[in-house]
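In what follows, chain A forms one complex with chain B and a second complex with chain C.
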Partner chain A sequence: MVAAGAKCRTCRGPAIIDLPRHNANFCAEHLQELCRRQVVKAIHDFDMIQPDDRILVAVSGGKDSLAVWDLLIDLGYHADGLYVGLGIGEYSEVSAQCARAFATARGLQLREVSLPDDYHFDVPTAAVATRRVPCSACGLSKRHLFDTAATAGGYDVLVTGHNLDDEAAVLFGNTLRWDIDYLARQAPVLPARAGMPRKVKPLVRLTERETAAWCIVRGIDYLVEECPMAAGNKHLAYKAALNAIEAGSPGSKASFYLNFLDNMAPLLAGHRADDVASVGSCTRCGSPTTGDVCAFCRLVDTASAHAPVPVELVRNRGRRHR
Partner chain B sequence: MKVLLRNPRREIELSGPLRVNALLDSLGLNRESHLVICNGTLVPGDAALPADAEVEIRPVISGGA
Partner chain C sequence: MVAAGAKCRTCRGPAIIDLPRHNANFCAEHLQELCRRQVVKAIHDFDMIQPDDRILVAVSGGKDSLAVWDLLIDLGYHADGLYVGLGIGEYSEVSAQCARAFATARGLQLREVSLPDDYHFDVPTAAVATRRVPCSACGLSKRHLFDTAATAGGYDVLVTGHNLDDEAAVLFGNTLRWDIDYLARQAPVLPARAGMPRKVKPLVRLTERETAAWCIVRGIDYLVEECPMAAGNKHLAYKAALNAIEAGSPGSKASFYLNFLDNMAPLLAGHRADDVASVGSCTRCGSPTTGDVCAFCRLVDTASAHAPVPVELVRNRGRRHR
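Coming up: the complex of A and B.
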């Protein structure tokens, strides 16, 4: 028997979670109500989704992508999922199982693309072949394949599970470098353009502790283990730094990110317009690119020509590159 | 109490009872980065975990950008 004195702020019943940034505790029912309210507010405030939009959710099998898919369905949207197999050994096998089980249990359509099966390379091999950190090849591949699948499938909007912690960490990194171009591109909605669907992030008002809690109270079986390629990367270090600040000053992450959107992002709008004007089309696949051949086509050439590299040889590579 | 930790997955034994926040503090874990599950249910920071509890400390931070 667990004894807890904390009461839900809404109903005064026993609480299951304390959320210091809200200076409140919540029961399972009212935690879900809070999550729904924050997602509805994000979708509304940033004009993310129109009523007749065809929606594709980028699904990894982790907590955030399954939470955002579940939240959209719960809020009455129709949304399909897209899973990209990255070839990261057992991690990818389990993540695929979580994504498939979620979709099957709810009667949802899950599309799948596989780097090993469809493009003849995997993320560990790409990392070694390009001599870059694994997250670089992974992110590049996912962005390209999500864009391509959404466009080919006739979807209007691509939904990703980026949460408040993700966005705050990216903002933190960009601010440390005062990288104006990247700062100008950081938004909860990226408008559609040729070869790219509109991209939206409905979880930007929820921390990842909240999205994980959503999954637990909803009985969603997600992949808990961290990607073996990600250990030691800068993104995790920025999150740790922000959470150290958050522990002493609850609400700091939300203020940092949401006040950036309110106060600073409008001042950077001109930089983003310049960036859009310089984009052409890849001569090989037709995807948007600033060169003749897009970065993904060049990655396929390099990585598929390389001998396969086991996951174990690349594990923690990010740590050495910090 | 039995405590399951993740990334990497391992199990440790601690003497109880303990408050959830005290458990996290004793292991040097940030409350903002973890959830605590006892007997399959989320528990808040002030919950008292009995000596015979089976507890999972689940990290919530993921590294993809």
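Coming up: the complex of A and C.
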């Protein structure tokens, strides 16, 4: 990770990590300082959190969501966690253990929702039942359950652990298609709407290597494995392409994402397809929807009626289709 | 290049090339048909060439510039060629031979300008004298000499061989920085201005693999080697990243470039820094410039005063600096 004898840029003590995009090495203490500073700057620059906000952190048990929860607590915020059980076999079991252990050790409140227990389906079954990629049913379910839990719990803001690599990869995908509506929506803050809390991403100035390092130096036990359902998805190909560019020109990934926000996002304001005016309420659950019944309630109907599908089957399907 | 037994999509005869982005294989005849159709479509869609235009093709001796010249002649246009000698050792010697042989065999007129003979410097020496990358002095010289030759010869339009890979890579570089002014200028047609002909790129709908295949099936002898000065430049890294994306999702490169022109370019109209109003004439050569003496005349002064630098020296410098 770092050359033998490398020194921390701040204190000249032994470094534990090199960060080529900062052209510097850091010790554990000053790596944490850098992470805190980047999160404070993101929260400030993008006006993410107000002093009296009630904060809910969407926690997967992976490095990013545990890092952002830890950072917010470390910075003095009060924040509860929300874990959504997706029923992805052992992957979900271990991720739940990581989230619960983190909360218990710190005396934090972790709310839990479970697709299998509360809605009688899981992500692998939903993928087969809907004949879509697993990430589609998973994302739809999480968005719905995050919104519902935040609204029911009276939270003002929902925090997610999306990091710079995530946001740059999504931006790259939208840019490859020049999908103006998607580009216009890509922001580190999405304002609150009826039935939806404000959504903020305080880690957008930190790479996934930096959030992993935060967890390691803080002794946070997180789920290291990637989701087995995600193998072969385009998001990972976009990350790989950007990593190749970053390796040749350190800092490219940050300037790609942050220059977009500075230079291009203002030009796209006003180009978002306005879908707010036509939103009504789901006749079943009351969530915002453009139809009678919302997409999540329709997914519950389809997926809970299907015979359970083991994780391995979907995983193999994914590989065969690559 | 193509699976054994693969058949041409058009005639079901034996195929010589597979084109995954078209999800098809083609024989030599129908590959040519596809290339002609794409060039006709580009010329038509972007209004590149008018019936009475006098056409000058910038010819390097590589596959793209010889392919575009050949395609224009094949499509019934009258077009002369322009070769600029850059003094890059054996690379330039072979490229000149390819350009001359092509013109002679077809009875076409090839104009020639030479940096060493006419301006007493070459690209390697200019790179060292200006302490910039070789591509910088080379691009500046070519733009100036193309404009000057076209204007002096009374040509209406200058054609270059930039292909889809070239344009997508430049777009990717500008997008990585979100350089709005550069993005706003990126177009397959640049209108004429005082001292500059209209500039058009009829190959923007063809990949470099397709232009190479055109040359091969047409028996055109072209310089295969990349310029030795270009090793390690960012343009090649951008091409590699896009090729990795294209391999996973055929058609991505074309949709990246063409969707930019369709979806984004209209939003950027009006965001070009307006540098036309302040342009005067160079007191030495009369070319458009914002200063007293144009950048090319200043380059001539600096580079022709410097002791000649062998190609190998600059080539090694480039590699050391990667």
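Note that the second predicted complex is superposed on the first by the 309 of 322 C-alpha atoms of A that agree within 3 Å, B and C clash if a C-alpha of one lies under 4 Å from a C-alpha of the other, contacts with A are read in each partner's own complex, and residues count from 1 in each chain.
Going forward, contacts are C-beta pairs under 8 Å (C-beta built on N, C-alpha and C of every residue); 3 or more make two chains touch, one makes a residue touch a chain.
What you are looking at is a predicted structure, and each value in this text was computed from that prediction instead of being measured.
Visitor: In the superposed arrangement, does A:143 touch chain B (first), chain C (second), both or neither?
Guide: neither
Visitor: Which partner chains sit in contact with A:259 here, chain B, chain C, both or neither? Use first/second/both/neither.
Guide: It touches chain C, and chain B stays clear.
Visitor: Applying the document's definition of touch, where does A:216 land relative to chain B and chain C: first, second, both, or neither?
Guide: first
Visitor: Tell me the contact category for A:246 with respect to chain B and chain C: first, second, both or neither.
Guide: first
Visitor: Once the structures are superposed on A, label A:268 by its partner contacts, choosing first (chain B), second (chain C), both or neither.
Guide: Touch partner of A:268: chain C, not chain B.
Visitor: Now for A:165: first (chain B), second (chain C), both, or neither, which partner does it touch?
Guide: first
Visitor: Could you look at A:199 and tell me whether it touches chain B, chain C, both or neither (first, second, both, neither)?
Guide: neither
Visitor: In the three-chain superposition, say which chain, chain B or chain C, touches more residues of chain A.
Guide: B
Visitor: Of all the chain A residues, which ones make contact with chain B and with chain C?
Guide: Overlap of chain B and chain C footprints on chain A: residues 240, 244.
Visitor: Using the touch rule from the top, collect the residues of chain A that touch chain B in their complex.
Guide: Per the touch definition, chain A meets chain B at residues 1-6, 15-18, 20, 25, 28, 60, 62-64, 135, 138-139, 165-166, 169-170, 207-209, 211-213, 216-217, 224-227, 230-231, 233, 235-236, 239-240, 243-244, 246-247.
Visitor: Which of the residues in chain C end up touching chain A in this complex?
Guide: Going by the criterion above, the answer is residues 175-180, 234, 237-238, 240-242, 244-245, 248-249, 252, 255-256, 259-260, 262-264, 267-268, 271.
Visitor: Going by the contact rule at the top, pick out the chain B residues touching chain A in the complex.
Guide: 6-7, 9, 30-35, 37-39, 41-50, 53, 58-65
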